[in-house]
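Here chain A shows up in two complexes: once beside chain B, once beside chain C.
Up next is the complex of A and B:
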């Protein structure tokens, strides 16, 4: 089970509601109804109904059972590991992804086009292959002498690998479009390079940085394939939530599996909504 | 002198864009850098602002050698053609930016910003974002932002280039009035000779990376240093191997002393002005006359006339190359 979220473009910084007027001026009433109708129908079939069924199933045996299923020691350990590791990975991505996007846009170096292509590779690779590669490189027979297999560090590494593209790919286009003259104007007004970065560049990147981070986080909490090999799935130690769900299903406990899925779902939703809120708040404040 | 540029050379790759450029800009003046696209005028302005480094030569601002100073240490106000507004900040915060960087007290900033917004007629727009302003309003905001830090010199790079004709004309007049009020030494870049003549005290004509001529609008119009300047500053026509302004030509139905014989090919009436198009030795030329004078002459196509440069005009003929 994955809670993949469609990549949405970061809202441009600026006044809230500024674009709404422009949109309504060009809208055709009939076309909007058709578009809205088919979007809602599609989203219902593909996203809302399946998710609602998961949430519904989790309560099959009542709220007491739900709570017990989620707080069994192994399920609880898997959930806290998953959420903790995902939060760590999201923060790491926020910083490194922004730096990589910066280097790809602003710096010139030989082989830039190759590096730019490589960024998407973790995304394109089947995640189980990613797991195999990581196990070969950082497993017990590591040619580098680094053994992260069956450890929590291994889980974090696998998550970092698969979530690399998110922040890079959301920040990169915004940085490309950023008006260079804005920075020159700041410099001529007396701002140092650091002040220009902090007061002019960063506020324009934050919305994109936050959406990328939200995507990386939600992707991490749902990750299965890449972690399943390198983590060794040791309950209480390295078993992530998605793997725990899988083992619950194998043990014929679909209600328990649905309960843990629902918790992941709620965490993902809370993360997306709060980052969105943070963005709006940030763009209002400037 | 507010700005002294000496022997500045600048190349982009192997293409020279400024060649031995030297100019002086007087304190409190309003100077236009005028020339065709690619003539080096924007580059010169950016060199003065410190946004480009000259390969050789020096730039002095208010007597201080600024050649190697970074833009933020030059105390120069710069206005860009495409506004370069800080999209994420309100109009107020945009104008306050330079003062916030300088860590002025909040109350002082508020007072100064409101004064400036009044000066550029944007006091009602203080809480808007740049995206909610028209092009003309954004450019006035950019001007207020540049003026906020009380710059030694104000530099404007094609400030009205992105605006439509009507707004352009309004802002032109407004800039002239603003300068008369504020008196900050101002240099602006334009490729529009009408704009330069209307707004500036001094015009520097730049072409091919060289200074072709420096002078008051009247000087460069009436006493152009070479055929290029003459052609660039206004309409010209060729009579007897000389370049002449079409309104500085005497035309008569009878042969006149020093006159050249011409055949009228067409007469175009443009309201008050009448264009008399001529053929002289197989070449086209034209003369601009008033409607009443044209009526008095009673010309029609096919007539033979005599034309000569007006002996009283200062725009006397240059050898046509």
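Up next is the complex of A and C:
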């Protein structure tokens, strides 16, 4: 969940006091050292050391074992489903997220403020509740007669629900700041609405659209709670990687679980590094 | 025409993906009146799950608030080697699957891990007990307070703090009288996000808690367990309670969100 803070990765904060108190690079005053020590210790004990241990444990019994653990039929099926479904969800979000952001910024209709607030609901709603809610409407007892339970379409639906805000919330601020005069200039020079969109608006939005898509992809790769109920966790059919890891932990196969976890961590890191690259590219162009 | 087309697509999508499912669960929950809901939520297991959830969330929020303020001040007001790295690492929990969070903590603090074994011999149990659930919750909600406070602290500047220092204020006095009031809304925003995330965490807690009914069962675990045991009314009632918390969070963040 979480709203804005999670959506926009912050740029590194600037130097202290506008650089007024320049110090030599390696002399850190006592107060800073104490604070830095506590911060790093906290982060290490809870996040860094445990994650490093996962990567280390995955190679505990040699790279051969790692490879076999990742390519067991059920693990491989779970990984390919996860990556495939995440890619599909990311592309779908790219289109729908941009349309929703566009409507929220450029359109006017009664109740727009409510719709704008609703966008963040998937971040605020616990993932297990999201899964339950979708199962109630699109499950065996569906009042609409649409049953997506225990199917791959159900997995995709759950992922679409939890990733909805990413593209909307990255594109919306860029669209808000976009200079309308450019569009008017294009129109006055004879461009059609489509040409204006294609040549003037879209190039400005692309970096934000892509970073929102990358965030949605990363989130989909990692998703667990919302898929548990609606997917039914059928191995080879609807079991996603996180659920596969979960069942391996339950079965006391921690090395296998660690191997698949490491693959997920690497995929997420690659996506985030590309995101960082995209943002730099975007800010250079902007 | 295109305008109405896009509007219809956007609203229909949100209606079928968000509004209708959430609305249906609330309607089903209250379909038989208020009494079944009250009964379901006042069963001993449900009350216990509420208590566990609150205990875990409050500890996690307290820890992340202290860490969040400290780290935000560090990142904005101080310079040290490796600052960019620390700044990047703080966002790392956002990219990690909740299940991997749970696995990572088990591998370090579990009974059969070196650290966990040592703590166990001192009589401290982390995994399958409250401390482990707090650790898991801290992990997933870690960036929220930092990321809410940093931009406001940057915008605030440090002139007032320096003025306080020249007038003889101690570090603590300057922090309590100048810095803290300056960041209070951003801090409240971060704490609300952190609390909501902590109350709603499912995956990481499912792994480290062992899902022991009436012992380490949080509200989200209660929803799943009741649903799997065909007790739909209880599952729906607890889900609606959690959805209500989510809606309150949304409204609070709307109020508190830093403008601009």
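Quick note on the criterion: the second predicted complex is superposed on the first by the 222 of 286 C-alpha atoms of A that agree within 3 Å, B and C clash if a C-alpha of one lies under 4 Å from a C-alpha of the other, contacts with A are read in each partner's own complex, and residues count from 1 in each chain.
In this text, contacts are C-beta pairs under 8 Å (C-beta built on N, C-alpha and C of every residue); 3 or more make two chains touch, one makes a residue touch a chain.
The structure displayed is predicted, hence computed values, not measured ones.
When the two complexes are overlaid on their common chain A, residue A:208 makes contact with neither chain B nor chain C.
With both structures placed on the common chain, the touch criterion links A:200 to chain B but leaves chain C unconnected.
Touch criterion not met for A:158: it reaches neither chain B nor chain C.
When the two complexes are superposed, the chain touching more residues of chain A, out of chain B and chain C, is C.
In the superposition on chain A, A:171 makes contact with neither chain B nor chain C.
In the superposition on chain A, A:184 contacts chain B only, with no contact to chain C.
Of the two partner chains placed by the overlay, only chain C lies in contact with A:129; chain B stays clear of it.
When both complexes are overlaid on chain A, the residue A:192 reaches chain B alone and has no touch with chain C. When the shared chain is aligned, chain C comes close enough to touch A:43, but chain B does not. Judged by the document's definition of touching, chain A residues 12-15, 18 lie at the interface with chain B and also at the interface with chain C. Chain A meets chain C in the complex at residues 1-6, 9-10, 12-18, 23, 25-26, 28, 31-33, 35-36, 38-40, 42-43, 46-51, 53-54, 57, 96, 99-100, 102-104, 107, 109, 115, 117-122, 124-129, 132-134, 136-138, 143, 157, 160-161, 164, 193, 218, 221-225, 228-229, 241-243, 245-246, 249, 254, 257-258, 261, 264-265, 268-269, 271-272. Taken together, the chain A residues at the contact with chain B in this complex read 12-15, 18, 179, 181-182, 184-192, 195, 199-200, 203-204, 283, 286. Of all residues in chain B, those touching chain A in their complex are 49-51, 70-78, 80, 82, 84-90, 93, 97-98, 101-102, 128-132, 142, 145-146, 148-149. Chain C meets chain A in the complex at residues 2-3, 6-7, 9-11, 13-14, 17-22, 24-25, 28, 63, 67, 70-71, 73-81, 83-84, 86-109, 113, 135, 138-139, 142-144, 147-148, 150-151, 153-154, 157-158, 162, 171, 190, 193, 196-197, 199-203, 206-207, 220, 223-224, 227, 235-236, 239, 242-243, 246-247, 249-251, 253-254, 257.
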